[in-house]
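After this come two complexes, each holding chain A, first together with chain B and then together with chain C.
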Partner chain A sequence: MFKSVLRTSSPLIRSSTLSIRSTIPSFTAKFSTSRVVFNSISHKVNQQSHLYKYLTEGPVSVKYTAEHEWLATFSDDTAFVGITKYASEALGDVTFVELPEIGDQVEVGDTIGSVESVKSASEIYSPIAGEVIAINENLESDPSLINSDPIGNGWIAQIKLANVEDVEASEELLTEEQYEASLEHE
Partner chain B sequence: MLRTSINKRFYSSASETLLKTPLYDAHVQLGGKMVPYAGFEMPVLYKDQSHIESHNWVRSKVGLFDVSHMLQHTVIGKDSSKLLQKITPIDLSSLKPFQFSLSVLLNDKGGVIDDCIITKHDDNHYYVVTNAGCRAKDIAFIKKEASQFNDISHETFESTLLAIQGPKAQHVLQKFTNEDLSKIYFGNAKFVQLHNGQLIHLARSGYTGEDGFELSIPSTTPEDAKSAQDFFQTLINEYPDLVRPIGLAARDSLRLEAGMCLYGHELNEDITPIDASLAWLIPKSRRDDVNIRIKDGFNGASTILQQIKNKSTTSRRIGITSKGPSPRDNNKIFSEDGTTEIGYITSGSPSPTLGGNVAQAFIDKKFKIGSNVKIEIRGKKRDGVITKLPFVESNLYKP
Partner chain C sequence: MLTILSRIRYQAPLQLVRSCTPLRRFGNVQVPFQDDLNSMEDDDLNLGDFKHYEESPAMIAKKLELLQETREDHTKDVVNQSSSPEITSSLEEFTKLKEPVVFVSKLTNPYLNLAIEDFIYNEMPKPEITTSNYNRLMFYINSPCVVIGKNQNPWKEVNLPVLNSLSIPLVRRRSGGGTVVHDLGNVNYSFMTTKEKFDRFTFANLVRDSLNSIPNSKYFIEVNERGDITTSKQDDGINYKVSGSAYKLSKGKSYHHGTMLLNSRLDVLGKLLHRDETKLGVVDSSNSIDSVKSKVTNLEITEEQFINAVADRFRDEFGNAIPAEDEPITKDEYDQDELFGLKDFVEANAVNKTAKIITIDDNMSLPQTVLDDAKELKQWSWRFGSTPKFSHEIINNKFGFKVRFHVGKHGALTNYELSFFDIEMRLLSVEKIKESFEFLELHIKDNALEYTGSNVAGFITNDMISDWVGQCIDGTI
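Then we have the complex of A and B:
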C-alpha cells in the first residue's frame, strides 16, 4: 500500500540498480506495487513526478474510510486521496476517471470525482475538508492506473487540508487495522 | 467516500435462500465470483479474466454462459397455439417445426410482461424460455391465461441451459456431436445427441450478437446433472485456448452492443413493443383489425395496432454514443443546446469492442440519427450523439 511503499522508499531507491524482482518481495506485501518509484525503462526514480518529493519524504499518516478510500497526509499539511485495492478490484477494469478541478473547495462528503468500470460508476467523496491543489492527470489517459497501482500512481487528488487536526480527530477515518477489520464484514 | 453503486442488475439484495444452477459447483471450482441474481447465485466474472477481457473473448473465440436460471416452459395441447397467440403477438403459422422466434408476453394494455423465445416443435407442442427475474409473475400470468382454454398443459422445468457463444462456437461444439451443425441455421433448433449419450435440445441462438448455440441439457437426475457438468468442464479443459466460462458482466455488455433489449431496462409493463421500436415482433398477419377481437386477438392489440396505424408514438428506442463518463440508466437526455429534455437512458456502459460509451435510450423521434445531444450525468450535461442500433453488427449463422 501507499504507506508501505512510501516508508520503504529509500531502500527502493538505493536498490534501483539491482533487478526489480530481487527488491520487490519485501515491499509487495498486500497492496503495494513495484511501479511507484520507477519509471518503466530506466528503473530510476522519476524526479519529475509530482509524487517524488512525497515519496522520498513519506507520509505522516495513512488513513482509510469504510467506503474504501485512502488518505495519505504529509508534513506540508496536504493529503493525497485515492481508492483502495479492495475497491479497485471490486470495480474491475477502470475505464474512466473523472477528476475534480484544481482550486475546488471541498467539505467532507463532497464529490471529488468518479471512477467508472464497464459495469458501474462510483462517485468519490472527499474524506476531508480542504482545497484541491493537484489532480492526477495521468488517469485521463490511463485510467487503468487505478487497477494496477491504486495506492500509488493511481492517486486521484491532492488536497490542502483546511485543518490538519481533522485527520486525527475524524472518527470516520480508519487506521489500517480498523480498515482491514471492516473488510472482514463486507 | 467511495459509495459503490454497483449495478442492481448484478447485485440484487436477496435475503432469501439463493438457488443454485446444476453448474454451480463447476463455477466455484473455476473461480467464479458468485453474486445474487434473480434469486440465483450466478457467476459475474471468473478469476484471471477481467470484464473487458471476457467480453472480447466472446467476440473472438467461444464463451460459455450458464443461463440455467432462465425459466423453461412446455406448452402442449390442441389449444397451445391459441394460448400463445393470445398472450403474445407471434404468428405461429409462420414457424416451421423446430423454428423459434423472439416474442413478448403482453398485458391487456399492450405492456410487456416479459420477453420470451418460443420454439415450435409441432402445432400442439411449444418450448418457451423466459427471464429468470420474471419467474413468479410469468408462471402466474400464463397459468391464469391458460385456464381460459380447454386443452392445454403448461409446465415449467429445470435443466442445464448453456449458451455457447462466439465465432468459433460451431467449430468447438461439432467435436462433441455427430450431428452436422453446419446445417442448423440461426432461428432453428433440434434434439441432438452428444457423444456422452445425452439427448439435448440445441437452438442456434444467443444474446451476444455472435454466432452460437443454446443447449438445454437434462439435469434432473444426479447422473444427468453430472454429465452436464462434465460436458461444461470438458469444453473448457480440452480447448483452453478457445473456450472460457463467461459471467453475467460480459453478458450484459455484449447484448448492449448488439442492440438487444434487457427486461427491466428497455422493456417493462408500461412499454409496448411499438414504444420499444420492436414493431417487427408484430408480423403483418397479426396487424389486421380482427386481432382486436378478444376471440382472435392478442392482449393489448387495440393499443398496439392503433400505435402502428396512427404512428402515434412520439419517442423511440435508439442508440447513443459518447466519450468520457458513461451514460447509465435513467440519465436524462437533452437537446444539443441543453434546454429541452428529450428522453432518457435505459442501459449504458463503456463499449469494450468499440471504445467510448454506448447506451440505449428512449428519445423523441424528431431527433434524428447523427444529432448531437446532451446527457446529464452526475449533474453535468455531457456530449452524446444519437446512433443507430446495433452498435456492433450481429454475426449470425444464416444460409
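Then we have the complex of A and C:
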C-alpha cells in the first residue's frame, strides 16, 4: 500500500508544478469546482456557486439548436448547455435527469444525457464539440429545475470548447431569432 | 390480414398435427420434421423412417450454389448445419424501406427483441416531407422476464429473490416508465414515428379502437387521461389496466411501446413485483423513477387476434394508398416488391391501403449490431449497474441489528453502517456482529464490489448473517 502512495504522489506533484509554469492561466485552476486544484490564480473569494463568475459576466453568445438545446458561450471558451423552455414545456414534469460524466469528450450530436418525464426518455445532444468539465448535480436531487428554470438553474453541463470558432461557424446553431422563427413552424 | 400467418400456413401438414402449440416456430420449410415430433409420434404417424431423412448430395450442392450467389457470408453456417434453419433474408433489407412497415418477431429472447426494436428504430428513415410517413410497427413476445424502465432501481421495484428463484431474467429497457412483467401470454407492440408526430395518445387510441373492433371480446377498452389503456369500469368500480406503456424521443424520431396482457400469469406477475419491506428491507432511492402500481387484468384474446387487429388498423391509418384499378405503381416501388418476393402480397391485398408485413424468425439473419447490442443489454453493468445511487437498509430482529448498504455509481457497494437495538436475548454479541463485517469493509475500501447477494455475502464471515444478507439483497447466497 505504501509503495503505491509513493509511486503516484511524485509524478502528481511534478505535473502540477509543470503545468502551472508552462500554461498560465491554467484552465483547470480557474474552473474546477469539483477537483482539488493547487495554486489557483484566481484571487477572488471562492463563491459557493459554480455559476458565480458567469452570473456577473454574462455570456458572449447564446445559440439554439433544432433539437431544442441552448448553448451559452462565455469568454473563457466554455459553454453551458441546457434545454429550451419550449422543450421543457413539451416534456411535461421532469422526474429524472441523466447527466454526462465530467471528463467526457463529446462531438456535435453526441448524447450527453437524457431527461425522463411522464414515462418518456428524451435524449439530449451536445450542440458543440469539447470536454465536459462540470455537470449540474442539483438536477439529481431536484429534476424539476428543468421545468422551473430551464435556461438558468436547469443547465445540464458545462463544456470546454474544442474550437471557439465552432460556435460562430456552425450552421446548425441558430440565433435567438432563427430559433423563434423555427418554432412558429411547429 | 392473412399475411402474418401465411408463413405458417404454407406448412400445412405440420400445422394440422400440432395445432395445439400456436407459438411453435417452423424453422425450415424444406426439411420435413426436425425436432417437431417426438419418437412416440413417429410411431403413431408412421414417420419413423423420416428420422434419417437427408437431402441428396446433389440437392445440397445445388442449394449451396444458389446461396453462394446471393449471400456469401452465410455459406459457412449452411455447410455446418444443413438441416438447421436456412437463412432466407436479412433484417437490413427491410429496415431502410421508405414506406410504412410492420415487423412481427417470432423470436422470444427479450434481449434480442429489444435490440431488434432499437435497430429498426435507429434505421428508420426520416421522411423528407411531413405528409409522407415511414412509420414502423413492431410486435414481439418475450419469454418470461421482468423489464424495468431506463432510470429505475431493480432492487426497489422487483422482488429479486423470487425472480432469481424462478430463474427469470431482469431486463432494463431504454425507454422511461415503470416495471412490467413479460411472458408468452403478453404481446408487446412498438409504434415508431417522427418526433414531430409524437404524442402519447395517437397510438393508444389506435390500439383501443382495434381492440374494440374485435367481435365478442370480453372487455370494452378505454384510454384514460394518462394515456393508459384500460378496461371500462367493471362491477367492482375499477378500470383494470391491460397495457403498460413507455416512450422514447431522440433526434427526429420517437417511439411508443407497450405491453398487452392477453393471457399472462397474473399470479406470477404479482409475486415478482411485490416486495415485503419488513423482510427484504427498504430501498431508499429518491433519484430513481418509481413504478405506479395498478390493478391489471388479461384481455383473454389470442395473440393473432390482437396482432391482426392492430396491424390492420395501422395499415388503414398509416399505410400507403394503393392506386385503384390500373396499377400504375412507380417503377421504383415495383422493383422493390419483386426483389423482396412480396409482389404477391401487395397485389393480393387489393384494399386501398397497404403496409408491408415482415416476419422476423430464425430464417432471417440479424446484423452484427443487433447481436452486439443484445449482448450489451445483457450486461450486469447496464441492467443493474446503471441504477442511480441508493441505499438499502435491512433489519435483523433475531440478532438485533440493522445494516444500511450504500450503493454508488456502477452498482458498486461503497460503504455500510451497522446499528444495534435492544432485544431480549442477544445470541451474538455486538462485537461478533461487527467483526463479521470487517472483511467486507476491508475489501470495499479498495475494490469495486458489485451489489449482488452472493458478492456481499461472500465477504461476511458469519454464515447466518451472510446467508440472511444475501437473501435480502437478491436471494443469491
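Quick notes on this structure:
Here is the rule we go by: the second predicted complex is superposed on the first by the 138 of 186 C-alpha atoms of A that agree within 3 Å, B and C clash if a C-alpha of one lies under 4 Å from a C-alpha of the other, contacts with A are read in each partner's own complex, and residues count from 1 in each chain.
Throughout what follows, a contact is a pair of C-beta atoms (placed from the backbone, for glycine too) under 8 Å apart; a residue touches a chain by one contact, two chains touch by 3 or more.
Values in this document were obtained by computation on a predicted structure and should not be read as measured data.
If you put the two complexes together on chain A, you find that chain B and chain C bump into each other. In the superposition on chain A, A:Asp93 makes contact with chain B only, not with chain C. Legend: residue contacts after superposition of the two complexes on their common chain; A:Pro127 is shown touching chain B, with no touch to chain C.
Touch criterion met: A:Ile83 reaches chain B, while chain C stays clear of it. Of the two partner chains placed by superposition, only chain C is touched by A:Ser141; chain B is not.
In the superposition on chain A, A:Asp104 makes contact with neither chain B nor chain C. Of the two partner chains, neither chain B nor chain C is touched by A:Asp149. Chain A has more of its residues touched by B than by the other of chain B and chain C.
By the document's definition of touching, of the two partners only chain B reaches A:Thr65; chain C does not.
Applying the stated contact rule after C-alpha superposition, one finds that A:Ser114 touches each of chain B and chain C. Chain C runs into chain B after superposition on chain A, and of the options 5-13, 23-31 or 167-175 the stretch responsible is 5-13. Shared contact residues on chain A (touching chain B in one structure, chain C in the other): 67, 95-96, 98, 109, 114, 116-123, 125.
The touching residues of chain C, counted against chain A in their complex, run 149-151, 174-178, 196, 200, 226, 245-251, 286-289, 388. Residues of chain A touching chain B in their complex: 65-69, 83, 87, 90-93, 95-96, 98, 109, 111, 114-125, 127.
Those residues of chain A whose C-beta lies close enough to touch chain C in the complex are 67, 95-96, 98, 109, 114, 116-123, 125, 140-141, 186. Put simply, chain B touches chain A in their complex at residues 1-7, 10, 45, 50-53, 55, 249, 252-253, 324-326, 328, 349-350, 352, 378.
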